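Can you keep this structure in mind? I'll have questions shortly.
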Amino acid sequence: MKHNFRNWPVLLVLFIFSLPLLIMLTFLVVDTFTTKVPGTLVPNAFTLNHFRFLWTDLDDGSWGIYGVTLNTFIFAASTAAIVTAISVMAGYALSRLSFPARGFFLGSLIVLHAFPTVTLIIAIFLILQILGLYNTLIGVIIVKTALELPFGIWVMKGFYDTVPWEIEMAGVQDGASRFTVWWKLILPQVQPGLMAILIFSFLSGWSEFVLPMVLNPGTEAQVLSTYLATLLLDTNANSDFNLISAVGLFYALPVVIIYLIFQNKLMNIYGGGTKG
Amino acid sequence: KDVTITVWAGGSNDSDAYRWEAIEMAADILEREAAIEGEELNITVESKGQFGNWQEFKQAVTLAAEAGTAPNIVVTSHLDIAPWSEAGYIVPVEEYLDLDAWPLNDIYPNLLEIAAFDDVQWGLPQDAESRPFFFWKETMKKIGYSDEEIAALPAKVESGEYTLQNILEDAKKAVDMEVVEKGYGFYPRPSNGPDYAQFYQSFGGELIDEETGKLVLDKKAMEEFYQFFADAVAADVTRKNHLGTDWGQWYKEVANGKAATWHGGTWHFGRYAQEGNQDFWNTIEFSLIPAGNEIGRPNTITHPLVYLITDNTNDDVEEISANLVKIASEPRINSLHAIQSNHLGIAKQQSNIELYANNRWADEATKRLLGHANAQPNHVNYGAYSEALFKGLEAAWTGTKSPAEAVEEVEVQMKATLGDELIIR
Amino acid sequence: MQRSSWLGLAFLSPALIVVLLFFLVPVVLTGIFAFTNMSTATGVKGGSYVLNASSLRALVDAGLPEVTRNQIESAGYRIDEKGLAALAGAHGQDVAEELSKNHAGEVFTKRRDVERALKDLNSNPIRKTRDRKAAADLFKRSILNQRYQSREAFETALNEAGIPKSDRPLITEIAYTGWTWTTANFDLLLSLDSTWQYAKNTGIYVTFTLAFNVIFGLFLAVTTFYLPAAQATTFRAIWFLPRILPPVLYIVLWRWFTWDTGFVSTVLSGFGYPSKNWMLDTEYHAWVTVVLINGFVGASMGMIVFSSAIRAIPTSMLYASEVDGASRWQQVWHIILPQLRWPILFITSYQTMSLLTSFEYIYLSTDGGPGGSTEVWALAAFHTALNNYGGNLQYGLGATYALLLVIIGVLASLFYLRLFNFKNLLTKPRIEG
Amino acid sequence: MRISIKNFTKTFGDTTVIKDMSLEIESGEMLALLGPSGCGKSTTLFSICGIHRMNAGRLQFGDKDVSKRPPQERNVGVVFQNYALYPHMDVHANIAFPLKVRKEPRTEIERKVREIAALVHIEELLQRKPSQLSGGQQQRVALARALVRKPDILLLDEPLANLDAKLRLEMRSEIRRIQQQTGITAVLVTHDQVEAMSMCDRIALMNKGDIVQVCKPKEMYDNPASDFVAGFLGNPPIAFLDGIAKDGEIRLANSEVGLPLPSNITAPSDGTQLRLGIRPEFFQPQNDLKVTGKVSFVETQGREDLFDVTLANGAILRSIQSRGGDIKLGDEVTWGISREHILAFGPSGERL
Amino acid sequence: MRISIKNFTKTFGDTTVIKDMSLEIESGEMLALLGPSGCGKSTTLFSICGIHRMNAGRLQFGDKDVSKRPPQERNVGVVFQNYALYPHMDVHANIAFPLKVRKEPRTEIERKVREIAALVHIEELLQRKPSQLSGGQQQRVALARALVRKPDILLLDEPLANLDAKLRLEMRSEIRRIQQQTGITAVLVTHDQVEAMSMCDRIALMNKGDIVQVCKPKEMYDNPASDFVAGFLGNPPIAFLDGIAKDGEIRLANSEVGLPLPSNITAPSDGTQLRLGIRPEFFQPQNDLKVTGKVSFVETQGREDLFDVTLANGAILRSIQSRGGDIKLGDEVTWGISREHILAFGPSGERL
């Protein structure tokens, strides 16, 4: 059905709409490796100087890029792991197991999305503080997990819904307990969903800004988003756009790579998640 | 004994690094002092000077204090003393320091006063500054001023002869004669800051009633102050969408003569140099903020940052922090900051430090401005007051409200948030 | 209960705990905060009792008799027997005697004066500042500037200072630094013009961004559907980037694109347009950028959901429409779009909620400007409660904003749940054993 | 193992799917549950294996009441319609799974898997993934998995529905062979009459949650208990003639033609609504009870031809004949009905 | 409208699905494209209607070359296997769709829809949504939609595959009726031999992208061009005996038994690999060419019984007989082959 039409008008329109993004991204890359005369767009020299943050400390108040990157990675990876683990269990319960008030839980899942968690942050702060987790990476990880959870559970439930009941029935019939059935038989079937959630929450954690900013202002556990924001919002004389771009590129590179590797799995996420 | 002291400094640029490096130097000295007294003291200073902006810094300190994990020393606006002391986040330095002894007895009393609240010395001034008005000499010449006339401007401003209305006229002239682009006749600070209280004062507004210690909303002064900016926008000398301009861009423009007049802070001196203007003295003239009308006065606001010691379960830590702050206030150490960041000194003896004394800017700015400088009041609700003031300005400036309407809204807002703590005139 | 019920609850419990702690409890707390005057100055956890110059002034305003005020103000530091005895105990009889000789019976208003007196002593055995301050405090008879952690302690102090019983309740009330219950937040909210402005802004923001998300998401999904795989993947990747790029970086790119010295200005200045800030020039510029920034991000989600929904349409149906003679446009209009009804509804509802509660991108780009014209409700809540220049964080008022938003959001999602015919989503488990 | 179902009732929410059903299945027997779609065959099957809970009634395996036992404890092997193989495990692991969850020793598992694989002829496929198998092979794996732990009972839910015609034929005999070889009691759910008739010892024909008739296949074909049963069995299907009883004959509707009733029934009173069932193989040129009509449809089915003959009153009779005649559409023919094979049904469909 | 396909080739990526196929379909004829799954039937169909592009070759409708035309311009009605009804439109809108996209006037559309609905007997269903229809009704709607704008050609892709046995029988005659009534040229894709034989004027049997034989159904049954064709047609399927030619006979593999070759073929040279095909209806007790074997499988199929007889050398012959005998599994029988019906195939499967 594709060949029966001319494609170029569509291509053209798409291209025009995509132009801002393309320009932004192109110049992001170009700017980081070149210098140019102010007020022009064409670079005049190649340089690696904008990447100096990789081998020198930019300021004295923070850890240096590698520590920050490590923090970011720990933050994103733990969030992803926890979100996935919890979603995988809760999604199964909601999709396949009968228990009291199941409908209520499923409904609340959707309503949860309407809670402006970020504006409830004072209360969250208070809870973290009671738990002794304020200004720690663990605290932000848990809050981020909570934020991602409704979405994760919802998607996982969608994936479980597509697993044929017969497989589960066969497992039970073969004498396995429901837990074994889940662990050995069903979980392998929803692996694409699991991967999708894992990647998605990793990306989301990697990018998160407001939570670390508010809940984790200390130096020990700074993450890349706040690091970049600091460079950006600072009224510094040497707030040098190319440097910011370079840090930005350094920051974005992992997500882009992850995206490119796993893009099919990501496209999948909504397929499983939005049935009905 | 091992102690870790954390220092957070808000609103800092790279050139402000001595705000925490001074503490590190002080730690060294204190360790040595302790060693002599036979105590083994090991101080690790952890510092953080990187915050997105003042908002984020204050939020971080507040929440951390609330969580009991506040940094031991904070460098912040003196305005925070009131709410933070009320909330019990900070302890007075006078609990640990002898104010009659060196180097504290050398600090300018008015600066010490600014770091005090309710007669309690909560903090120590960390630096001093003032917020002058700037003229681009070249532009002024092009619209008809002679060199002498320009040189005489600061005096005329001081005497009240040259007012904000004259600024408007000259800026308009500059725009009309196309010496500067539209919107660049008068080029104010692009975000909220103490500077705007200066203009309120220029029209006779008072921030606080000395007698009762209550904040004051002078509706007439406020409206005229708003009107001035509305007029500036109407006359095309100021951009309607000026607020929110990127700071980097702003500095670059004013430093290189794109604007005819503007206002800023004493630390701009260094910043202009970084932006490529090495020749401040020949390109820029500075003065007090002119008066707005007959009742008003030419003025400038100094907005020193202060060292504050936060509440800690361990008194020893508080004492060590206080002592560090004290040592960091020694003229020699403080001068490092003052000169590097183009702020003004806090102590009299700094004029005897060669580094400081040889600096023309520090010298002249101190002479020309500091005598007329007042500070914003330390009041628990001053933050809300200043928020409301700026919100009203924003509304009038961008034309979403007329100045009169904006004042109405400000009044409602202030009444509601300040209650009894407000006097409306 | 069946065995699988227990397993179900067990599987759900980690999620329940997290959700309870970080969704439900915060909502409840927010509900509570909304009825307080909580702010930086009051602290969150409750306060203590302090009398200082400010509270004294407030007391006078509230009708404290002059006499009592003077009594409190003049108590100061008294060199009396009791203090001297304590001093003698701490630093020796000599010191106490000399001080007594010089200053017996005197009242100092400030401790600093006592310290000076101590320093002036000839014997001067108190060398350390801290010890001297401790010594001076032995003479303290004033309750001013003293923090009392509990009401009892404060009342005991009042009692010891000889404050008349009748004045004590008033003093205690005003000296309290913590938060108190109030409904003033709601009154304030309703009385402020800006509240309505925020509501209006939120309306504009949600409506336009949503429209952009859905329409453009549809456009992308439909067009990429018809493109060959390689091209489609390329465009999908481009449009997925806004979503996966870290917001901070994404906004940096937009700034670079729109600001005075940015791409648009630079290019247009080549054509003689004066450069200007395309993000913040006027309200309209700001709105367009805000909608585009969020719209680009949201469109990717629409694109993916719609794409997979289109792919789920049996190809034979599309074939059928072609042999039935439908052109591409007719195919999209008559066959594809009608079958995307549910995905569109889903995206609409999901994004409505997301947009209502989101402010990150606005915060990073316009921060509500220019002149508050893009300040949306959630951002206002954030600004009020956590992020303002004055540094006086008004938790109570901010919570009130948040609470209203929660209520609106919950109502909206309940409405959408009805629309989705929620029961249909809930298939009964088929294993009953 | 004998299976005995007593007064079994099953409801889903408000709808009662099975009502008060009773059924006995002998040890070693293979019974077909035959019936149209939605009649409750799978529901019955799932209740036997424990996936569904019975709302009322009793289920016994041998002498043991298992009504309340969870499926794990019933020791029943099930083959599902779509095989329900575990896609992430290879064939070996699939078959070994029931043993593995019982924690049998490895060598034991290995031995049993080999044994059962040999039984169903899939020895060479053990390393493949299910997706690499053809339908028939998947079918065998499912069978092996169901049988490997020596269940007391084997349940098959339309095991052949997804196979193509040729394979279906093959698997039919294969399943029967294995069932007979192991001597296991088996229940086969199907809606295909040929399958039921060719594979099973007895057929239980269900309709709307009820068992209509249980007996041997041939008997059911020859002696259907009702017109529903008669209509359900037989390919091409039986043709019905409606009429009313008159003078020991049946007078066809809208017509003066009368046909004699079968000799072995008592003639109903005059005016009773009657229905005659005539199978295509008993409407042939050589039979005696002649009827005339027009050929309204001809179909070649390879070795045989199928004819629809429309009578004057519009009723249709069907005939299947070996090929060779040159009868064409529209021809008028006079063929005969075999009187002793006429099935007569009363007003509510019951066999007379 | 006559359809003529010349040297048609179709590739998907690297795999060539159809290679150099040619086929002529007469005006008004109904032709079956029969073949096993994946042999390229649908691909051919889709190329005729324009959904797929031909990689090479020419397609003519009447005298018009339509190879390069998009489907919208070919005026072909297609009925898809899953009907492909538009689920969001009611029946009326579904049928009206082809007219609507041609912007015909409303009254005209109304008239045509009524007319075609009457033709396929769905007048009362016009207001329903497809999901509220039974399979057979959906089938009719799909047919109506394909026919409403009077296409030159009607293409049907396994239109009966999703229906149950009874309905399939009914729809078979229904489709044939409508095709004959409208006189439209039709191509029916199916893998069901009964369907192909019973519905179509001619059958084109395909295998692996190639047309193996095109002719009338009966002829194809009687005179298969190859063992593939012989094996594909016939139910129960034909049985094959492998052997080698010797002295004008065929000597069965692993055995000393010899069978005479059919009289109408020229005997191949000795030692040639041969294959005999014997249809079950031609292996009967009364035939002359006696063969002895053991009954290895018995199946009751209602009115007939099916027997597998395993010969001494392990080869299997199949016999279908009317019911009545009491032959049981394991009995030794000596039945005869009808010599003139033996089909003989050469080493590469070609008919001798």
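When the chains are written out, they are named A, B, C, D and E in that same order, and each has its own residue count from 1.
Following the convention adopted for this analysis, contacts are C-beta pairs under 8 Å (C-beta built on N, C-alpha and C of every residue); 3 or more make two chains touch, one makes a residue touch a chain.
Bear in mind the structure is a predicted one, so any value in this text is a computation, not a measurement.
Both chain B and chain D are touched by A, C.
By the document's definition of touch, common neighbours of chain C and chain D comprise A, E. Graph distance from chain A to chain B, where chains that touch are one step apart, equals 1.
The pair of chains sharing the greatest count of C-beta contacts is A-C.
Each chain gets a centre from the mean of its Cα atoms; the one farthest from the centre of chain D is B. Distance from each chain's C-alpha mean to the overall C-alpha mean is smallest for A. In this assembly, E is the chain whose CA centroid lies farthest from the centroid of chain C. Rounded to whole angstrom units, the spacing between the C-alpha centres of chain C and chain E is 72. Mean C-alpha position of chain A lies 55 Å from that of chain D.
Note: centroid distance chain A to chain C, computed from Cα atoms, is 22 Å. Chain B and chain C have centres, each the mean of its CA atoms, that are 26 Å apart. Shared interface positions of chain E, defined as residues touching 2 or more other chains, are 50-51, 70-72. Shown for chain C are the residues that touch two or more other chains, namely 3, 44, 261, 319, 322, 386, 428, 430-433.
Residue positions 1, 4, 169, 172, 214, 229, 232, 241 of chain A are each in touch with at least two other chains. In the complex of the two chains, the chain A residues touching chain D come out as 164, 166-167, 169-177, 180, 184-185, 188-189. Here chain D touches chain A in the complex through residues 46, 49-51, 70-72, 75-78, 80-88, 97-98, 101-102, 145-146, 149, going by the rule given at the top. Within the complex formed with chain A, the residues of chain B that make contact are 9, 13-15, 17, 20-21, 46-53, 56, 59-60, 63-64, 66-69, 247-248, 251, 271, 274-275. Of all residues in chain A, only 59-62, 125, 128-129, 134-135, 213-215, 217-219, 226-227, 229-230, 232-239, 241 touch chain B in the complex they form.
Residues of chain C that touch chain A in their complex: 1-9, 11-12, 14-15, 18-19, 21-23, 25-30, 33, 44, 216, 220, 223-224, 226-228, 231, 233, 235-242, 244-249, 252-254, 256-257, 261, 263, 266-267, 269, 292, 296, 301, 304-305, 307-309, 311-312, 315, 318-319, 322, 328, 342-343, 346, 350, 353-354, 356-360, 363-364, 378, 381-382, 385-386, 395, 398-399, 401-402, 405-406, 409-410, 412-414, 416-417, 420, 422-433.
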